[in-house]
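Heads up, there are several structures right after this.
Both of the next two complexes hold subunit A, though its partner changes from subunit B to subunit C.
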Partner chain A sequence: MATTGDTAAPAAGRREPSHGWRLFAIWLVIALAADLVIWFVWKPHLPPGTLSTSAADQQFDLAVLSVIAAPVMIFVLVYFSYAVIVWRHREGDDEDGPAQFGHTGIQATWIIGTAVIVLSLFVFGTYELISPAGAGAGEGPAPIWTPGGKTLQVQVIAQQWRFTYRYPQFGGFETTQLVLPEGQWVQFNVTSIDVIHSFWAYQLGVKADANPGVNNVAFTKPTHAGSITVRCAELCGLWHGAMFDYGRVMSPANFLAWAAGTRVQLASVTKILPPYATTYDPTEIATLGKVNVKLGLTGAGGGYYPPQDPSQP
Partner chain B sequence: MAIETQPGTTQQPSGGEPGGPRPVRAWWRRPAAHTALAGAVLGYFAGHWLGNYMGANYQQVSTADANDLAIVLGYIGVVIGWLIGLGVFNDLVLQMLGRPVSTTEQRTEQEEARLTGVAKYFRFTLDHKVVGLQYLVGMIIYFCTAGLFAMAIRAELLSPTYHIFSSSTYIEIVGEHGTMMMMLMTSVILGPFGNYLIPIMIGSKRVAYPRLEALSFWLTPVAFLILLSSILLGGFHMGWTGYPTLSIQDTSGADAYAFAFGLMGISMILAGFNIVVTVICYRAPGMRWSRLPIFVWGIMGTAVMMVLAAPVLVGGMYMLLTDRTVQTAFFTDQLGGSTYLYQNLFWFFGHPEVYILALPGFGIVLEIIPVFCRKPLFGYKVAAAGMIGVTLLSFFVWQHHLFMSGINPDMRPLFMLTTELISIPTGFIFLVAMGTFWKAKIRFTVPMLFALAFYFNFLIGGVTGVYLSDVPVNTTAHGSFFVMAHFHYTIMGGLIFAFMAGIYYWLPKLTGIRLNQALGKVQFWTMFIFFNSTFLPLFAVGLAGQPRRVFEYARNLETLNDWVSISSFLLGGSILIFVINFVWSTVIVRERETGNPWRSRGLEWQVSSPPPPGNFETVPVILSGPYEYGVKDAPPVADLNPPPGLLTVAVNGDQTARAEA
Partner chain C sequence: MSLPVRVGTLVVAFLAVVGVAIFVVIHYFLGGPPVVDYSAGVPANAGRTVSVVMQEDPQNSVSTHPDWVSYFIQSPTSHQWVHTTLFQVPAGSRINVTILGYDGCTPLRNPFWGKVTGTVGNVVHVNGRPVSVLNSWANCAVGHTFSIPGINLNVPVASPSSVQANENLCPTSPCTSGPHTVVTFSFFTPRQAGDYFWQCRIPCGLGYLDGFGGPMQTIGFMTGQMEVVS
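Right, the complex of A and B next:
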């Protein structure tokens, strides 16, 4: 629109400047500067970081979207600022403005331009969703975009108000610690035994809702060692705000040592856990009481609550 | 064809003579708000008793100590008692008994003659101008109440650990704020300005269904009060979305949430239906679709979405209530239900609702901009097409709220596409405004300032919406403060700024009184600055990993959160300036403004302010479009006193033109 400029005849007397070219020049300078800053200065610091493949992909997508959005926003803002300064009403001028009811060329350019931007964003977004195995988002019980090959299975069991993690490939022990090896694809099987939660491993760029009775699968590959913040991202009751914990990504050797050690340490508890399954029916987990007794838990701060009693802390 | 039926010929009720004036009773014996309140209280106890009688053995059913069936039946009793007390059913009963019933016009005239001052605003009245003002004051009250809850939330978030409220109270406040804003603000523009101005803008002397229109308003106070009554029952702890199974395990306050939301859904259907039929059937001769003011297009789209989307909400809330009261299992996985069902139903309503909250704002700013640019609206058809496009597409995007839920992963590219497509018609609204600004003569009145701010805010809100439609970015942003900042930019930055523009622009029309413009400018600048200072940092807070609805957050985000909280209190102060200005100007100063202060070509400005009863002496004949500024020898927008023959000429002329086309 800026390039297809003046259509109305210049005002009589004073020569009318070429508003279109002026706007275009201002826009070009600012937009170029903004895009360079976004790509080279801002991008390395954009969330959620680069701890995993999906996080790095999201960082890249965020930067690409910003590089596309910035010129659009700057165009609109420059135009409005210019209009407000240049075309404001002067004292004593009581005439109406020029009677322009539209301009087919400008309208068509605008419509085609926005359609092209939107469709290319859609193509880009779809590619970025499918190629990195679902981009770290929960894909339901039968994922269609998978990394292939052998993955480390980690089950995330959400309940009011904590996450626990089961490692079926290591005897199915259940722990409150999320520990992952670097350089290997991880398959999170996220489920809930009471209400809807959402498993958000921030630095991994993984988010999957934990629905009761549903196994929600998400994939990612941690790329280097670091710590993870896990938060619940779906309101799940009174202590939703306190439902968070921290996990670690470590070297494969350390991970194997940790898994073997924890497996032995928790063997007596694993025996009385319900057998590993993709979903659990809370009304049928008869053995949970025994687990609580075994671990010395009283129900406060981590045990299973009957669904009809939300007021327990 | 837009021909209005002659106003006197509305259908006479069968049986009995057409009504004469009814005997005048003492004020406290006439049905009004006080009898409605009495009826509501009686109704609650009747319903509660019935519930306990029927469902005494349901006592232990769903939650803790209360019989939810009794509570819900109590609320049904409240609504029925409230409406009986208002006299909603009086005419219906009279008609069934074969007694004389007065027509809408007769009733309106009687009310005009009999009721002076504020008394008529507390009654069930058939005058669309009274209903509009009832809505206006009601909406301001609801908005301020919900805004106070917002400031309570920000007070809690001053510190990264919980310190002011208990976790239960905090979640209650979050839920009350969200639900009150999202359910009641759906009518914040359609209610006051739509009901009041649409008939005048299309040259009609009345609306199609005055009883439905009045009923739609009178359901809002009772929905508001029922939602607030949730606090007495222990509140609800599931936010405004009310996802089961959390909402099924919740305490009795959740009954109030579901009932009030469903009730407001009914109000939306009634209000929307009335507007749709009014615009289609009650346009004056010559008011072609291509001459319709753009605000009418915006409200029309809103009304269509309300009529089509709100029934799904009512159904969803009904299922939630039966799950909670009589142990159906629509949403319980172990019993064959599905929590996904609720999420689908809710967002099938919820996403059109978001555009119910956006379109009226588009309408207002596009209506105002040509007036203060002194230029025709640029690309009128593009603007109308944009609004129609948003209306249609809004029904095809709802699953982007479920991108992380695990439902339908293979459909994600489709919903990503539809969501991004909606930015094309939304972009039209920007194109039209920018084209109108080209070589305009911009006057910086208070309404125009708000309209400009609307574009600034909605630009940010819209572009971040495109971010959220992208599934990989959504993985990080979903359920975080990024989303929360995004929709506050579109709803508060868009809808509420447009609402403010509408109030400053149309209040002289609605009441014949103008607001103080100097205070208005103070309010504008404080509101614009503190709004952005409140919500812009929240994008960063969200991307840095703070989920919504939490009372604990990472310690390194404390500075940003404190900044936001203090800004939000100042934003509240700005709204307080508005309330002071509103009360001061309309109650104390009462500076008259009866003419056309903005030199607008809009049909509504061609009649006196406030408009006379019946809006027009006779049905006007529309001669030209409303935006022909700067056109040499432009005809007036309408002939307000057409000679008797002209009506037929206009009608036949149109028919001939159509036959030739």
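Right, the complex of A and C next:
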């Protein structure tokens, strides 16, 4: 901008462009392109994929949030870039800029716009957190949001440093393999028999804390065949980082064949397992043998050193 | 304060910090238990057989935690017992394992781990008798387990089973006498090199939460690594 009448004369004669409309046009083109890329190119690759209803919903949520967030971020970047390029300081221009006063329209638009975005995301996010059937999250022992109808019951038992899975509808066998059928709602009953763990079936979009003495219920419906990575998501000791395994989703017929075969294969160990329950307390074992009792063992609690022992925890 | 004193103080402080750093590195990062090498002179992926010998004791008299239960591994060259849980084996080989079970019985937190998996034939031989499942709740049957989750290996190591034997366990380590079992089994190492952690699943960390602290969380006692080399 000019500082004197001499240099101001040409500027005063030049018609100032409509910066608002320019900014809007630039922002609209870039934001529209970004949203189209996000929705049609990026979304199919967003985690955690589409192996289950909860996973697909989480992918949808991420895409929706990205589609809404991208134009906001792009507006900030476009305005910043426009200001740097168009309103930059020019050689010989030492004049102060014009005084800025409040603009009710801009202020109202800003407040209403951000309020609408935040509140609508609040409503959307709250709905998505509970739908469908708890959205794959642990709901505690008495879930409010359930899929209804018959579900496949799978108990997840966490212990340092391995998950095991128990299938009560198939004789209660326990296995280190997580195998699920496609197209059927699954109810995970997640518990622990030692410290706190967290069952995170990544591709299923399921994460539920595994607490000793607590049955934490989570639901999902696998939609097609695929593999699952299960990790512990709660620091649980020395080998926490190695506490992972891989599961599979297969056709219902293959699942039934697997369950029948595994039930027979594991019959010898199934009969020494405790009766199926939603939680287990290994410190109180009712079926301890005579020698164990005579040795003073009441369960698998770890016990304590005698008082005279030099090493006290 | 004069300049020489200030410089001297700076030098002393610098040396103190460097000294502490060197101590931490040596003591905590380089001071781990030794690795018993069963792979020396054995080519990997050649279908060779290696024999690994271990013992698990009710205590140890060789560490600062004498009341912690512990595994020992026998050196293949000197045949001395080494207080460690790290051993090296060749890839693609058959490993014949002998574990001397000197410790008494404890119920498993999850009796599922009483089932033998991952061994040749899915059995272990306890004092020469083939066994596929040990019930640690109904019987005084399991002292510890030797489990390598990475290759789905789980071996419940049998314990002396009578009250008398459990009350007269070997008092000093490494054990050379006293009631014990001899557990043998075989498994195959993967063809690729890698480190596979192993652990005991009996809650034998006496005095710690759920029996899974202390020796259960400390390499050199009840957990360690099998290093497969190619």
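Points to keep in mind about this one:
Simple rule for what comes next: the second predicted complex is superposed on the first by the 243 of 313 C-alpha atoms of A that agree within 3 Å, B and C clash if a C-alpha of one lies under 4 Å from a C-alpha of the other, contacts with A are read in each partner's own complex, and residues count from 1 in each chain.
The definition used in the following text is that a residue touches a chain if its C-beta (ideal position, glycine included) is under 8 Å from a C-beta of that chain, and two chains touch if they have at least 3 such contacts.
Bear in mind the structure is a predicted one, so any value in this text is a computation, not a measurement.
In the superposition on chain A, contact of A:Thr164 is made with subunit C only, not with subunit B. Touch criterion met: A:Trp239 reaches subunit B and subunit C at once. Of the two partner chains, subunit C is the only one that A:Leu273 touches; subunit B does not reach it.
Touch criterion met: A:Ile193 reaches subunit C, while subunit B stays clear of it. In the overlay built on the shared chain, the residue A:Gly183 is in contact with neither subunit B nor subunit C.
Once the two structures are overlaid, the count of subunit A residues touched is higher for B than for its counterpart among subunit B and subunit C. Contact with neither subunit B nor subunit C is seen for A:Pro252 once the two complexes are overlaid on the shared chain.
Taken together, the two complexes place residues 194-195, 212, 237-239, 242, 309-311 of subunit A in contact with subunit B and also with subunit C. Of all residues in subunit A, only 157, 159-162, 164, 174, 176, 193-195, 212, 237-239, 242, 245, 266, 268-269, 272-274, 280, 282, 285, 287-289, 291-292, 294-295, 297, 299-305, 309-313 touch subunit C in the complex they form.
Across the interface of their complex, subunit A is touched by residues 65-68, 104-112, 114-115, 132-133, 135, 137-140, 149-150, 152, 161-163, 166-167, 197, 199, 201-214, 216-219, 223 of subunit C. Only residues 62-64, 162, 167-168, 170-171, 174, 237-239, 241, 243-246, 248-251, 333-334, 339-340, 373-382, 403-410, 412-413, 416-417, 420-421, 423-424, 427-428, 430-431, 434-435, 437-444, 452, 455-456, 459-460, 463, 466-467, 469-476, 478-480, 543-545, 547-552, 554, 628-632 of subunit B touch subunit A when the two sit together in their complex.
Against subunit B, in their complex, subunit A makes its touches with residues 1, 8, 19, 46-48, 54, 57-58, 61-62, 65, 69, 72-73, 76-77, 79-80, 83-84, 87-90, 93, 95-103, 106-107, 110-111, 114-115, 118, 121-122, 125-126, 128-130, 132, 134-141, 143-145, 190, 194-196, 198, 200, 202, 205-209, 211-214, 216-217, 229, 231-242, 244, 281, 283, 307-311.
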